[in-house]
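Next up: the structures, one after another.
One chain, chain A, links the two complexes that follow: it is found with chain B in the first and with chain C in the second.
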Partner chain A sequence: MSITVEQLTHVYNSGLAYETKALDEVSFSVESGEFVAIIGHTGSGKSTLIQHLNGILKPTSGTIRIGETEITDKKTKMVDVRKRVGLVFQYPEYQLFEETVQEDVAFGPKNLGLEKDEIDARVRRSLSLVGLDYEQFAQRSPFELSGGQKRRVAIAGVIAMEPELLILDEPTAGLDPGSHLEVLDMVTSIRERTGCTVILVSHNMNDVAQMADRIFIMDSGRIVRSGPPREVFKERDYLKSIGLGLPQAAEVAAVLEEAGMPAAGVLVSSQELVTYLTAQLGGAATQGEAER
Partner chain B sequence: MIRDITLGQYYPEYSIIHKLDPRLKIVAILFYIASLFVVKDFCGYLLVMLALGIFISLSKVPLRFILRGLKPIMIIIMFTFLLNMFMTSGEILWQWKFLKITQEGIYNAVFMALRLVFLILGSSMLTLTTKPIKLTDGIESLLKPFKKMGLPTHELAMMMTIALRFIPTLLEETDKIMKAQMARGADFETGSIFRRAKAMVPILVPLFVGAFRIAQDLAMAMEARCYRGGEGRTKLNALKFKRKDAVAALIMAVYFALAILDRVFLEGLDAVLVHLVIK
Partner chain C sequence: MIRIENLVYTYRHGEDTDVIPALCGVSLSVEKGSFTSVIGRNGSGKSTLAKSINALVLPTEGRVFVEGFDTQDESALWEVRQRVGMVFQNPDNQLVSAVVEDDVAFGPENLGVDPDEIRKRIRFALDSVDMYEHRKMAPHLLSGGQKQRIAIAGVIAMRPDVIIFDEPTAMLDPGGRQEVLDIMHSLNEEGITVVLITHFMEETVKSDRIIIMDNGRIALEGTPVEVFSHPAEIEALGLKLPFAVEVAAGLRRNGIDVPEDILDTEELTQYILQRAARSEPAAVH
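On to the complex of A and B.
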């Protein structure tokens, strides 16, 4: 499902001494099925932006179109919007409240007014999508699970609404490296299996460089750069100036280039870095041997 | 949405009022509240209004911000107003079946509603101009005489500090949880009261769980810094009664004296005035 945002502005505490412009005439569009990542330092407006996309925050001015529906229109029913746009907040495990995992995941579909059989099927499907075994987890209390498992249950609660657009706000915050990778793999597989459009908000350059089709960079309420990872990560100095960095592989390559090694271009994964270094070192070794 | 509540909020500003000793401010507000019940006529209210006006303008807190604090209690004010207007017996001005408005009723209604407004405005000024920490410091210091009677003043003050400290945290937490449940299609705005109460469960459960989690973290952090109660504890910023506090106390004394004089000498003036206006 495509998204078009035009001239979106949001002002917090309008008219007060501490009025702040969280979003400043943001415009962009996302194609159906695309994987977009939004990065920016804390307070750049990422969270405010995504909360507009399913109508939880109302813009001060500007329009948002999701598919054919203009959700900023007052006549649009919010339930219809939330059915199509799934939003996973930061630390979503803090929203769990039911006695069993099964009931908690069913909360969303129930609010959509679905039949019991359909709800049940969706719970099974979404639990399997987040990699939790239904038989093993469905009847357990969500409060007795581990941190990583809680988060999966919470994400399943959103996926169970079967949104066409899935937005995740730092889904890996506070997880250990193992769970971190698992959650990212989970996002990839959900996208492959459901074909939904994904917007991922992240602090981690390595993740977004490898996963996203396009990256939006936000700074003080504006989208300042957008494009494929290899393009936006070309501007190392600019990114540093707004408090961001490069993916590790690209950073290593950039430092090596400064030290006199041949340019590697923008590397987005450690695999690419290994290939580059092998080529360079192999070359150097041959050269050394030739001199001897 | 939920952050509009100004009662108990602090408004950061550099003003003479903000810098006054919190103990003095607490006592002054108590006297102010007492003065509202001492004066019994509109002449007295002019005095109150003048004092409150000076107080607010000195504090530099924008009037719009203070007035926002009235919004949540508007219903109570309206209720008081209507009740007084219709329920006071006296000279009847207007009647429709069992409903009647009397001259005395209008007078009482305006008088009571104004008293409530003054009460809220004055007392919200205390929290608006005093940091919660200073406020509890002041309360602790004022309660000191009761310590000999076995009142755990430090512990009480600490509990109050923590409770105040948690208000914004819990509001923020509530806001987050509400948004998260709304994203899952929860609806808090429509339906019968029963349905709406039931819709609160998905907010309250995570909120309680969160509150316990935060409390546990805080207890641990306090213990890690060797907190073990008030015995022998000193303050980083000990309260000092300065000259400006003495001046403020003097002004307050004059104000209260005027209020008493108003009660003693001008009582009944209003009745004469009202009589003149109507006749």
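On to the complex of A and C.
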């Protein structure tokens, strides 16, 4: 589902002494099926922006169109918007409340007034999408699961609404490295299997560089840069000036380049860095290629 | 400084339901002035272990001693709590006042410390986290990293010997994480014993010792070089190698003999540059 945002401004505490412009004339569009990541330091406006996309926050001015629906139009029913836009908050497992995993995931679809068979099918589908075995987990209490599993149940609850646009606000915060990877793989697989548009808010430059089609960089309530990862991460000094860094592989390559080694371009993964360094240092992999 | 002997802790859900063991027989000691990192997957017992050190959690079995004081000895509770400070994940849950310096004064005021001494402690604590110039500000106007530094100052004002940091950077952006990491190391250099619980492997590479918890037990422990030289175990424990260690391993597979003691990107780039300089004549030919 496509998104078109024009001149979106949001002012908190309007008219008071501590009035703050959290969003300042933000305009952008996202194509249907695209994977967009939003980065920016704390307080740059990321969370305020995504909360506008399913109508939790109302803009001070500006318009937002999700698919064919202009959600900033007063006549638009928010229920219809929220059916199509799934928002996964930070630490979503704090919102688990039912006695079983099955009931928790079914809560949303039930409220849509769906038939029991359809609800059941959706619960099975969502749990499979988040990588939890239905037979093993459906009747367990969500509270006795591990941190990573709880989070996946919470995300399944959002997926069960079958959103066309899935927004995740730092879905891996507080997870161990293994669960971190599992949740990211899960996001990739949900997108592949459902074709939904994904917006991911993250502080992890490595993740966004490897996953996103495009990155929006926010600073002081504006989108100051947008483009494919290998483009936006070219501007090392600028990113540093707004409190952001490069993916680790790109940072190492940039430091080496400054010290006189040949430019590597923007590297996004440890594998790419290993390949580049092997070539520079004359390791086995390069020799093989040179012979060819 | 801290001695833990065969510590067992079980959470009880309801009256006769299952008993869930969080710690099943942990023994370890932490030396005065050391920097110890505790890592492990979610639910492995890290936080329970941390909370047992300052008596927020009392042993089901076993003993925990802080400078010789038993945490189970109620009359020693203050001795323990005064020596062991804790910093948690979310700074917003740890700040209580509307002005930074009041927040830092909160702990010592409750101890009944003399006002002159409190003023000195505020100065010292805020200097330690490099936030003295922000002393008149409202905490909610600060960045995440700054708020966490104020929370740390509040702990420092209590003059603890040990500070336990329970995932202090989990909710911060990269800039804030670096700020807090730098502060933890500078406090350690000043003599404070640091125990850091984290999910960020990069934060542990400058520790004296790393303890890996799994299923309520210590699964692996040693210096960072020792611990991270077991990649298969690390992965099986739900963790991963620090970035530089992973790259070094990749290079070794390609026949480049990177030394085993490279742990962070700074050491890695230094090594690469030295090696590139050495092999320059060969590259020309």
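Here, the second predicted complex is superposed on the first by the 282 of 292 C-alpha atoms of A that agree within 3 Å, B and C clash if a C-alpha of one lies under 4 Å from a C-alpha of the other, contacts with A are read in each partner's own complex, and residues count from 1 in each chain.
In this section, contacts are C-beta pairs under 8 Å (C-beta built on N, C-alpha and C of every residue); 3 or more make two chains touch, one makes a residue touch a chain.
Bear in mind that the values here come from a model prediction, so they are computed numbers and not experimental data.
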| said: By residue count, which of the two partners contacts chain A more extensively, chain B or chain C? | reply: C
| message | Output check: A:G243 vs chain B and chain C. Expected answer is one of first, second, both, neither. What do you get? | response | second
| task | Check whether A:A259 is in contact with chain B, with chain C, with both or with neither, and answer first, second, both or neither. | result | second
| task | Go through the superposed model and pick first if A:K83 touches only chain B, second if only chain C, both, or neither. | result | first
| message | For A:Q51 in the superposed arrangement: first (chain B), second (chain C), both or neither? | response | first
| query | Looking at chain A, which of its residues have contacts with both chain B and chain C? | reply | none
| query | In the complex formed with chain A, which residues of chain C make contact? | reply | 20, 40-44, 89, 143-145, 167, 170-176, 199, 201, 235, 238-240, 243-244, 246-247, 250-251, 254-256, 265, 268-269, 272-273, 275-276, 279, 282-283
| message | With touch defined as at the start, can you tell me which chain A residues reach chain C in the complex? | response | 40-43, 144, 146-148, 173-181, 203, 205-206, 243-245, 248-249, 251-252, 255-256, 259, 261, 270-271, 273-274, 277-278, 280-286
| Sites on chain B touched by chain A in the complex | 62, 64-65, 173, 176-177, 179-187, 201-202, 205-206, 209-210
| Complex contacts: residues of chain A adjacent to chain B | 15-17, 51, 54, 56, 79, 82-83, 86-89, 92, 94-97, 107-108, 111-112, 143, 157-158, 161
